[in-house]
Each structure stands twice: as structure tokens, then as C-alpha cells.
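Each of the next two complexes has chain A plus one more chain, namely chain B in the first and chain C in the second.
Up next, the complex of A and B:
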């Protein structure tokens, strides 16, 4: 089961609306898309409205995304984070590192 | 259909051709006879002259008699003089030899006999004398039945002898029995309704048919149809005519009813069809045999060889070597077999390689597991605490680990951690993290200091952005003081007086994720029989077949339902609950638990 990434691009930012579970089996897909996205945009917004679960592998991808953003002086924000996912972010300290709106 | 039309057309022309051939053949025959009769007529005319000049009666008589011995179609020969021409004193003179049709004997009417036979008034004589005008010319009478001597149905040919004034002196007669020729003509009658006409130069008809009664003497001018037409209608029947004109105006004509040509052709066609069908059957049979030899046999052989290849003999090369499609198939199959063999070898090689990697991974898992303290009870001399831990690796090597060790005589450090991801990278990262944590802790640093340092060390050259969530605590086994630090790890459960509750922990960021993070440590005081239950997300995130998680709530309930179990039994019970929940779903992550029961004070 893979995740679905719906991409919309404006001059201002690129939005990835992601559907599914960010776990070991499909995080690599998002990783490639994330890194590639920063070649074209200064602001990547991840819409987590349809993300139910993030595993440690998913967290690693988000960390990688965040690091890439910093390196390229860009910004990565995450919106519509569910309480379940927020719990994971809080638990792992990711809520301090990631730009959650 | 086209073929059968062609056959019919061919058959029709062939039939006509054969008819024409028979007519031609008969014509030729009749022609020869006519020529012979003509020669004979001239011969006896000359005999008449010789007899006259030589005044020899016996010469003529003898010649005529001898001639008759050898003749077949001629039934009578003779010569006759005009009145007083042979001898001045004799009016009638001549001789005649003939075959008596009743006795089949040759009879001779000599000069003596003819003196009394008034041939001059006979029908044939007047007829001939009337038309005979020139020497060397042969004339013919109308067909008639001779009622005097031969009683045959005949035609008489005649040639004359003339004097200087071109006055007739004598004439010869050669009697041709046309019965025989009529019978022969009957034989060429192609169909039952057809008839053959032989026409004498006098334009009288001798109509040939099966019975002699039908012979007619009719003038052509009296016919109700045009004898010279290629086709005509007679009494409502359509006829087709084949015609030949011979010497001296003789004519042979065959009349065939058009219908009967077709009728016969149809019946012939039936036979022909049967022959054709039989022929087709034979050809089909031959083709079947031919196909069998050329196609089926090689295919059967091919199938046999392929079956052998199918049974695993990839060295088998098919021996069908023809230049057709079967040969091509065999060659292609041989090529496939070779390719298949090399593919199988390649797969076997890759399989062996995978087996090797798999075996190495298994060893790696064993090494990883063996790095964790696994002999229990541990620290048996310490009566102030009990500790038990277990790590159940998932199928794929993971990154969970736990650790516990004494920093000094009274301080016991416990660590539980989970490296992000799976596989060899995680396992390697885990080894590094575990070593760094233990080394730094043993150098007398506080939990916070250890995490601050280890985090920075793990961040170095961490291009893959791997990280580890970790919880570490220092237990003073004498006082029960517990100082702990959390780097993004699941909060432990603490059993106080009555039940377990999640320890209120301020979580810092994961280790290795970001540089220069300042972790904060907390401190609690443990009382006798207080118990800490540490675990990794392999417990709370165990999944069932419906992709539902075991969850913190279910873990909380489980431990609270089993308050009086010893540390080892507690971990086993939790594992049983997880298995019950997973209901056969494969374990996706390492399941690690550590239970620390404080007994001091």
C-alpha cells in the first residue's frame, strides 16, 4: 500500500497533500519527492489531514526534509496534523523541530 | 463449382471430338471402298474394251469370275455393250459375275446368258446410260434392291467405253452391297435417338438405324429439314449434325439429339464425379500421409523432446532439423533451453547469494541480540532491585536495544532505545549509539550530559538523517532516587502504590536528529516495590490484520490487570496479549521491554 501525494504548486509555495500511512514500506517515496521539491520551491507545505500514522521511518523522512530545507534556506511547514500524529511528534520531540502550523 | 463447369465443358468438347473422329474414320473407310469401287468400274470398262478388241468373250467372263473371288464389298461385276456394238449380229452382249446372296456362291451370267437378258430396258442401265457422258468418269446409281441376281441392297458404280465420236460403246457395272457399310455406320451411332445418313451422289438417302426396315430411299429435296444445317429441329427434337462430303458427292452425316448428348454427359458426369471423389479421397489420404510424415512425426518427436526438457533435462537438444516451421520451432526451443539453463544457473547463483546474505543477516541479528545483557537473574547479589529485559527481533533486523549497567557501586543505569528504520543501517547505528551512551555514562556524566554529548556525536556525518529515540535513567539503589532523560522515546509506565501510570516526562528531541540540543533531566523518588516498565514502539505499535495498533491504552490496561507478576512474567504476559491482539499478523518491529522493580528502602 503506497501513499498518495497530491501536489499543487503556486508561485508562493508547493503543497503536498499526503494520504496514507507514513511507515517503513512507503516513506522512501515521500523522501524522494521531498528532496526533489526543494529544488523548485522555497516553501513546501505538507498537508497531513489524511495522515493517520507516522512511524519512526516516517519521522526520519520528515527530519531529512527539514534538514534539506535548512540547507537550501527554504521552509517546510506541516498543516492539519491530527491529534494522533501530534502525539507522536510530541513524544519524540519532533514538535520542537518541525514547523507545525 | 468452377472446376466442375470446366470439366463439363472439357468433357463436352472431348465427346464431340471423339464423335468427329469416328465420323472421320468411317468417312475414310467409305472413301477407300468408293475408291476401290471406282477403280473396279474403270477396270471393267477397260475389260469391256479388251473383250471387244480381242473379240474374246471368255477373257471378260474369266476376269469377272476371278475378281469376285477376292472381293468383299463388291457383290457383282460386269460389263454391257450398247446394242450391236459387240457383234453386228448380236443386239445384247455382256457378262456378269455375282455372289448369290442366298447360296453365297459366285455365279456367272456369260455372253450366252445376256443375249436373252434385256438389260437395256432395266432401271439401272437406263439410269447409268443417261448420265454417263465421259470416259474415265465413274457414275453411281441410286440405291436399290437388286431383284434379279444378288438380291442385295446396293448401289452400282459404272464407267463407260466411248468411240471417237464420244458415243457410248459399253459400260461396266460394279455392285456395292451397302448393307455392310450401313451396319458399320450403325456402330458409330452415338446415342439411341441419333441416326446416320449416307447420301449417294444422286442425292438419295440411305438412312442408317438399328433396323434395316428403316432404310429409306428418299431424295434430299424431299426432307423436312435442311440436311446441310449444323443443327435442326425434327418432330420437336433438336438435333446436331456432323457431316462429311466424300469423293463423287457421297456424304456421311450423323444426327444427334442435343438432349441426349447432355443426358449421356450427365450420366457420364455421375461416373466421373464418383471417380473424381474417389480420386480426391485418395489425394486426401496421400496428403494425410504426407502431412504425417512431414509435419506430425516431427511434431510428435518435438513434443517428446520438449517433455524431456520439461522433466528437467536442460542439456537436451531437439534433433528436428527441417527447413520448415517445425524446424524453426525446434531451433527456437533449443535456443530457449540454452537461455533457460543459463537463467536457472544465474538464479541459482543469486539464490545462493541471497542465502549467504540472509545467513549473514541472521548472524548480525544474533550479534546484535548478544550485545544486550541477556543472562537473568542479573546482579543476583543485589537484593534491592529486580531487573528483567527482553528484545524480540522482527523478521528483518531492526534497531531496538536496551542496556543496564552500574556506573558506580550504587548507581544503576538503564537504557532503552529504538533506532529509526530497519535493516543493517539501523543495526550499525544502534551499535554506535549503544556504545556511545554506555561509554559516556560510565565516565561519570549525568543523564542529560550523556545525551547532549551523544546527540552531537551521532549528528556527525549523519547524512542519512538516522536517529534514535532513547530513554535513560540512573537509579540510586540505596536511596531510590531515579534521575532520567528522554530523547523522543515512549514514556515509561510507573507502578506506584496501586497501579501503573505513564511517567510524566518532558520529552527532548531524538538523538542524532539535530545538533546542539539541550536535554533536560527529571528526578523522582522510588519507593519499595515501585516498578518501571520501559518499552519501545514495537509494543504499542504492534498491528493486527486490520492495521490497528495495540496502543498505549491497551498496554496500560494490560499491565494494570497483572499487578502482581514478577518482571519476567509481566513481559511474557504483555507479549501474549500482543500476540492475541495481532491474531497472526506478522511482527513488523522489534518488541523490547525492560522491567525494573525497586525493592530497597
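Up next, the complex of A and C:
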């Protein structure tokens, strides 16, 4: 199992379109990519259109991404969040922490 | 529990996929909606990963996962590791901002919120954690 990250880079932002499950097995891969991204961009956009599933490990990685963004005075936004995933964000308070557009 | 199916498996994170497949297969025969199935899988993942990481640490050991699907789904996790009641863990403060938020305690908090009932008992040297969720639609 793995996730696919399709990366698009423009002058104003980097977009990660992610496909798969953000579960215990896959989240580490995203974590490294997220942290590295902020070395090169001030705005990282995560496209969640093809994310079906987020576990607590996935949430931890997103929290780390958000913290890294703040530390580097950058911005991390998440777009196309499904209602299933949004419910997980809501019940864990992550909908207030993350920048969901 | 009626109509129980049982999976005996070594408690290690590498086996998560097998566990989730076992649970999904059983849910395929039910009327649970996609959203509910995803939530049940999230809960199962949190618990199995917890057992894998902590129950026998630094050794490994076995886990038994029992599932029964009807008007509700019941999943029971049994391990012979250190006695541990995850329900005693304090809930995280979900009102804090990103800077203040800690990464611990989220998993079991999610399980408690996703499932309708979560129960723990320690019996004959075994940890037994049972989770239940009622189906929003009548069964076929």
C-alpha cells in the first residue's frame, strides 16, 4: 500500500494532489514530503479529492504540517475535503486547526 | 454476539492491511453505509495499531479479532499483553490551536466518538476491548 502524490509547482504555490488512504502505513511518506515542501514554498495546497480515509496517524502528519507552516511563516491549505473526512476533522477539532478551503 | 468470525493474527503494524480487509469483507454483507464503514475501519485501525505498538512491546504476540455483523457491528479485540485500559486515557483538549496541540491521545478519542459503545475488560490475563456501532439503515 502506498499513496500517490501528484505535485504541481507554480510561482505562488505548490499543490499536492494526494490519492489513497492517510492511514498508519502511508502517512510517513506524506510527512517527509510535507516538511520538505516548506523549504521551497510559502503556500502548500493539499488537494484531498481522492482521499477516502484519514486515521489519527494521518491527522498527526497534518498537524505537523500545519506547525511547520506556522514556523516558516508559510501557509498550508486543504481543498476538496469529502464529507466523510470532514466528519473526522470535526470530531477531533481539526476543522478549527487546519485551513480548510 | 451472533455469527462470530474470528481472525487470529500477530499484532504488528505490518498486518494492519489484513485486519482491515477482514473487517471490510464482513461489512460488505451488511447495510452499513460507506461513511459508517470508513468510521468503523478508522476505529479498528486505531485499536489494532495500539495493540501492535504497546501490548507486547518490545516483544510481539498474538491478537484475536472477532466480528459480528447484524443490526449492529460488534468487534472484539483480545490480546495477552500488558494489562492496559485505553479508556482511562484523558481526552485531548480539542479546543487548542495548532501551536498548542499535542499529538497524543487522539486515536482512542476518535474511537470513542465514532463508535456507539466502547468497553474494556481484563479477564483471565487478557485485554478485551469491544466496540459497537448501530447501523443507520435496517438490515437486508
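Assume the second predicted complex is superposed on the first by the 101 of 101 C-alpha atoms of A that agree within 3 Å, B and C clash if a C-alpha of one lies under 4 Å from a C-alpha of the other, contacts with A are read in each partner's own complex, and residues count from 1 in each chain.
FYI, a residue touches a chain if its C-beta (ideal position, glycine included) is under 8 Å from a C-beta of that chain, and two chains touch if they have at least 3 such contacts.
In this text the structure is predicted, and so the values were computed from the model without any measurement.
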Inset, instruction - Based on the superposed arrangement, let me know which partner A:29 touches: chain B (first), chain C (second), both, or neither? - result: neither
Legend entry - Contact breadth on chain A, by residue count: chain C or chain B: C
Inset, instruction - Scan A:53 for contacts with chain B and chain C and give back first, second, both or neither. - result: both
Inset, instruction - Using the touch definition from the top, say if A:63 reaches chain B (first), chain C (second), both or neither. - result: both
Inset, instruction - State whether A:92 touches chain B only (first), chain C only (second), both chains, or neither. - result: both
Inset, instruction - Considering only touches as defined above, state whether A:77 meets chain B (first), chain C (second), both or neither. - result: neither
Legend entry - Common interface residues of chain A - those touching chain B in one complex and chain C in the other: 24, 53, 55-57, 59-60, 63-64, 67, 91-93, 96-97
Legend entry - chain A residues touching chain B - in the complex, by the definition given at the top: 21, 24, 53, 55-57, 59-60, 63-64, 67, 90-94, 96-97
Inset, instruction - Could you please specify the touching residues of chain A with respect to chain C in the complex? - result: 1, 23-25, 52-57, 59-60, 63-64, 66-67, 70, 83-84, 87-88, 91-93, 96-98
Inset, instruction - Over in the complex, which chain C residues touch chain A? Could you list them? - result: 13, 16-17, 34-35, 38-39, 41-42, 45-46, 49, 94-99, 101, 103, 106-107, 109-110, 113-114
Inset, instruction - Using the touch rule from the top, collect the residues of chain B that touch chain A in their complex. - result: 418-422, 464-467, 469, 487-491, 507-510, 513-514, 537, 541, 547, 549, 588
